[in-house]
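Here it is, the structure, as structure tokens.
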């Protein structure tokens, strides 16, 4: 096992996404799913990517994997650099070596992401065989399969079983085992627990967290569950209508609005504030749940100004006219006109 | 905390779904409109139906029956044949263009009538057995097993032989052979739909079985039904042509594409235009119905497109 | 490169297989029938496709030559008729061998005739026979119940079989290989619906056939058969008429059109109004354009018919009442009738698949021209036949093959033959007893002149009812390869014995 | 699994009984009787009656059916053909192998050209590689079988002389029927493969395989193909079943003495034992084919395997 933990928190980013825009083009319409986002991730770090369904989280992940739907998905601009190498410029054959070996992905629904006609050991072994640079023998591969299965808590005796013989939580364990089999440097977990029972969710999240810590893998945790973000992430990025509207360390983003210690009355993007406001707080029983009114804008027809403006309670005339740029304070960054004149926040370069 | 987060987002999702459902048909039509091949198919099908309806205005039916044996097997006018006979003449010196045109009436009628008959009987029976299930389901499905164990052409032949020729009997025979397959398709999609929660809800609300079937179950299988029916029109026209070939088609001298092709068979080598024109008609009709069906399927199930 | 060579090799191999080069002497004659053999028991079929083949391996007592109408001796050398015309004495040829090598004796003849008398398929030919007796090993007498001038004609349809062979095979006779015949060829293999082969019978009493081997296949699809003929799989073929011109103009083939012993006709059911109106029936008779039917069905190559039997048939009339196409006259008759222009006169029945549906369409068009409207009901042949027998038709387009004697038409009209007739004359409308009497009289005398007079009257009687309307005698478009010498092409039954391979 | 097979075999008995009864009733509704059919025009009623009596056709329908089923089920005797007097069992056993060969070849041919082209057009969706094969498939599926057959004959028998136009003399006789039947069915197979493949390559597990770094070829042939195969097998099995008794036009054209033309001839002559026997055999073979299809499902898909063997008691 490579000693990855040593390199933790070094300055060179492992993954650096800059100004990434992704479009889905069909003859009917163009869906602008991701619009100029940028973020970076250092080794061993975990980034939480949060947002509503349709905000562009999965698209971002697929773009990183180079798995956008061939016929329609299309990166309009931007770069995705993995250890300094722009993945978007790699030929498909090189990209295949990246997938599974350097970046692995756990998909949302374990029920459908395993091939129903192959036994689980075949499916895990396949990942190993595809990236078998050190010429492991069939036997060594089988041993490794047993090892990763054990790692996710599945007895080796069940390795010849087929996916339908496992429960949902167990299947997700298999998917995780498959993703981690080649010890990737980056793991993208796309809502890994959404499809699972609540009790199983906690188990799986704990396991992912444990394995990440043990293997020192960097991770992008895509979720709309803020609880999971709080439990697992170093950094959080909030996505809305294809843009990152707020990025920061978990502590920054999770700092509740108007809580003790804040200089200004508003520390968050109104959407983030709304997002957090919609979660019932255990501490503050009196507060009522305040869901955000309205719907996300139609991605085929984004508004001219701020994407959130139509739903925003603090909207100014400027919000409808001009798309806000990002304002930063330390590692915390917010994309909202409200922060333009605020103390301690300054305009950031794109 | 986690629980609440999920529920919040789900409520938003549901809104989206409802919003989508209202405009579903509009969207399907919009998608279909963008599918050029399917629109071409639709245009051709509509044109054929229009021509069939206006056949008498274009060329009177009597022209399709008027014999002139001096013109037996005459070539099309553009290929050196007598003037005015665009498709040439058949083995009795009848105007082949008029026969193809008026033949479209019968062929399309057979195609559509049998498809709709199959649709009506098949979907009602399929919905009923799929929804009611139990002993009725067993009984009907075993009976259908018996029907589908008999080769369909032979079954149709025997039925036509027993009932005698004629458009109605042929339609009955062809429909009978197709109903079992249709019932199976509808039944299985009804079984899928019946598991959905809104059916449970309707049931819990005390709705009667026929009401649930008509109001809730069938509308939700409509996509499958439309696709299957458009595909059927093409195959039914072909089945009718096969029956004609086996001598069990509609009675002469009424023109029908399949009958025209099988009449032209003996002149394949001496006067190939006799088989060419009705053959092309069958091809075009079946081709355009098929691409229309494919387009509808894609429009109804956008997953299949990109 | 390797692939190309491989493809060439495969092509070469295929070509070698496709063109076998047999020696000229032992060359097999390849023939086809239009349907699979139903049986090889000649007493168990009335199917003409079976009979065409049976005639190569079986023989009757006397054989009627279709081309000349004369009777030629086969199993019997000669015959004599008693003065009362009731007893026929046949002298059996000595030294005839069955294919199994055994000598033919009178006993076999008696056995065969008695066997035929019990067969529902052929016993009608022997309807007049009262008793068959062997006087000695080579003499057989047949006593008739009543005089039958056409008896020689009908015995022509009864084949003589080896008693031993038939009895040994029992119930299975007809379904498997048999050597029970005396004909010029004997069966060497048999798969009823695939192929069967014959070889020339060396001990045949008229001398062994020139062609030594026959190979038959059933080909039901005419266009497929033609392609088989053109690609050399068949040596002789009854071609589809649609391709006749191309074949005759092709120097690679010999061709001949022979008028078949067959009559295509329209039957009118006078019992169904408005067809019970004499004027309507006469209108129909004059409305029929025989030339048009001939062109539609046979490209004009068939022979238009005036009477219900080809003139070559014994006793067939050559003059009498004839209706020829005259639409003006037809319209006059419609005017004279009690029915207005545009009257629906019913449905034309015809069987599907053959040229009868073409006749029906021309008939419909002809009738429409004179203002009589009718539909067509195209039926499978079995249903058509059943409906015709039961008089469930208004108009009927059909045809029949007489056996060579005008008498063979009797069964289609004679009222005492229940169920066989196409038109049922028994009833109030016509003086059918006169017709029955004429049929009876026609076979009561052996005098040909007398018979012809009777049949002329009969023909006029039938024509007078305008119920059986003769249209044409169809033709057989025979085509064969120039390697084959075919001295005579017969109307219905080819005589392969007479054929030989051309000398190089 | 054994239980499943046994159960399915048992289920064939009611099908055989049902099919034969249905056929008896339908044939009885066809006007006419075998006697008058066999004797042809000009036969006397007394001869027809005699023949019908000999054939046992004069007895009531139910009595005939009862005897027939008794013989069929307990003595494996399907009676004798009214026309040829040969035992129907013998006739069928001569013809079934031919029908099976023709159907098998045709399906094999249809698979060989339909499946790869179907996969190709699914993978290259909306390109020329998709449009040309799909267009071709639609065109082929719209051709009456006899037309393709006749054209093949004109080319390969008449012009080139490669294959015989008629008969079953050698393996060469089976080539043209195979193509004539296989082409339209291949067209169908192409379309089914394409849509099945399209559906499959959009499944999450295909994306999972890609995420593992699998090549496009591996993804298609290993992951997608096995899953996309199920509908393809179903269509192939059904077509095979249909072709055994349903390739009538082709059998007639090429002079193949198969089961289909045998039954057609039987229907035309009201030859009840032939039609009933033929269709019973067809139904049984068809049931076996469907069973084989279901079993091959189990072979391909472990979920179905589990379902079959799980049904204990």
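Which chain is which? They are A, B, C and D, in the order written, and residues in each are numbered from 1.
The rule is short, and it goes like this: a residue touches a chain if its C-beta (ideal position, glycine included) is under 8 Å from a C-beta of that chain, and two chains touch if they have at least 3 such contacts.
Small disclaimer: the values here were computed from a predicted structure and weren't measured.
When the interfaces B-D and A-D are ranked by C-beta pairs in contact, the top one is B-D. Core chain by CA centroid proximity to the global CA centroid: D. Each chain's centre was taken as the mean of its CA atoms, and the one lying most distant from chain D is A. Computed centre separation for the pair chain B/chain D is 23 angstrom, with centres defined by C-alpha atoms. Chain centres here are Cα averages; for chain A and chain C they lie 89 Å apart. Centre to centre, using the average C-alpha position, chain A and chain B are separated by 48 Å.
Chain A and chain D have centres, each the mean of its CA atoms, that are 53 Å apart.
Residue numbers of chain D whose C-beta contacts span two or more other chains: 30, 125-126, 150, 154, 267-268.
Under the contact definition stated at the top, the residues of chain C that touch 2 or more other chains are 223, 380, 383. Multi-chain contact residues of chain A (touching two or more other chains): 71.
Residues 11, 14-15, 18-19, 22-23, 26-27, 29-30, 125-126, 138-139, 141-147, 150, 154, 195, 198-199, 202, 242, 244-246, 248-249, 260, 263-264, 267-268, 275, 279, 282-283, 286-287 of chain D are the ones touching chain B in the complex.
By the touch criterion stated above, chain B contacts chain D in their complex at residues 142-143, 145-147, 149-154, 157-159, 161-163, 234, 238, 241-242, 245-246, 258, 261, 265, 268-269, 275, 279, 282-283, 286-287, 290-291, 297, 303-304, 306. Of all residues in chain A, those touching chain D in their complex are 65, 67, 71, 96-101, 104-105, 107, 109, 112-119, 126-127, 130-131, 162, 164-165, 175, 178-179. Against chain B, in their complex, chain C makes its touches with residues 222-223, 240, 242-243, 245-246, 291-292, 295-296, 299, 352-353, 357-358, 360-362, 364-365, 368, 375-380, 383. On chain D, the positions that touch chain A within their shared complex are 125-126, 203-215, 218, 223, 226-227, 300-303, 306.
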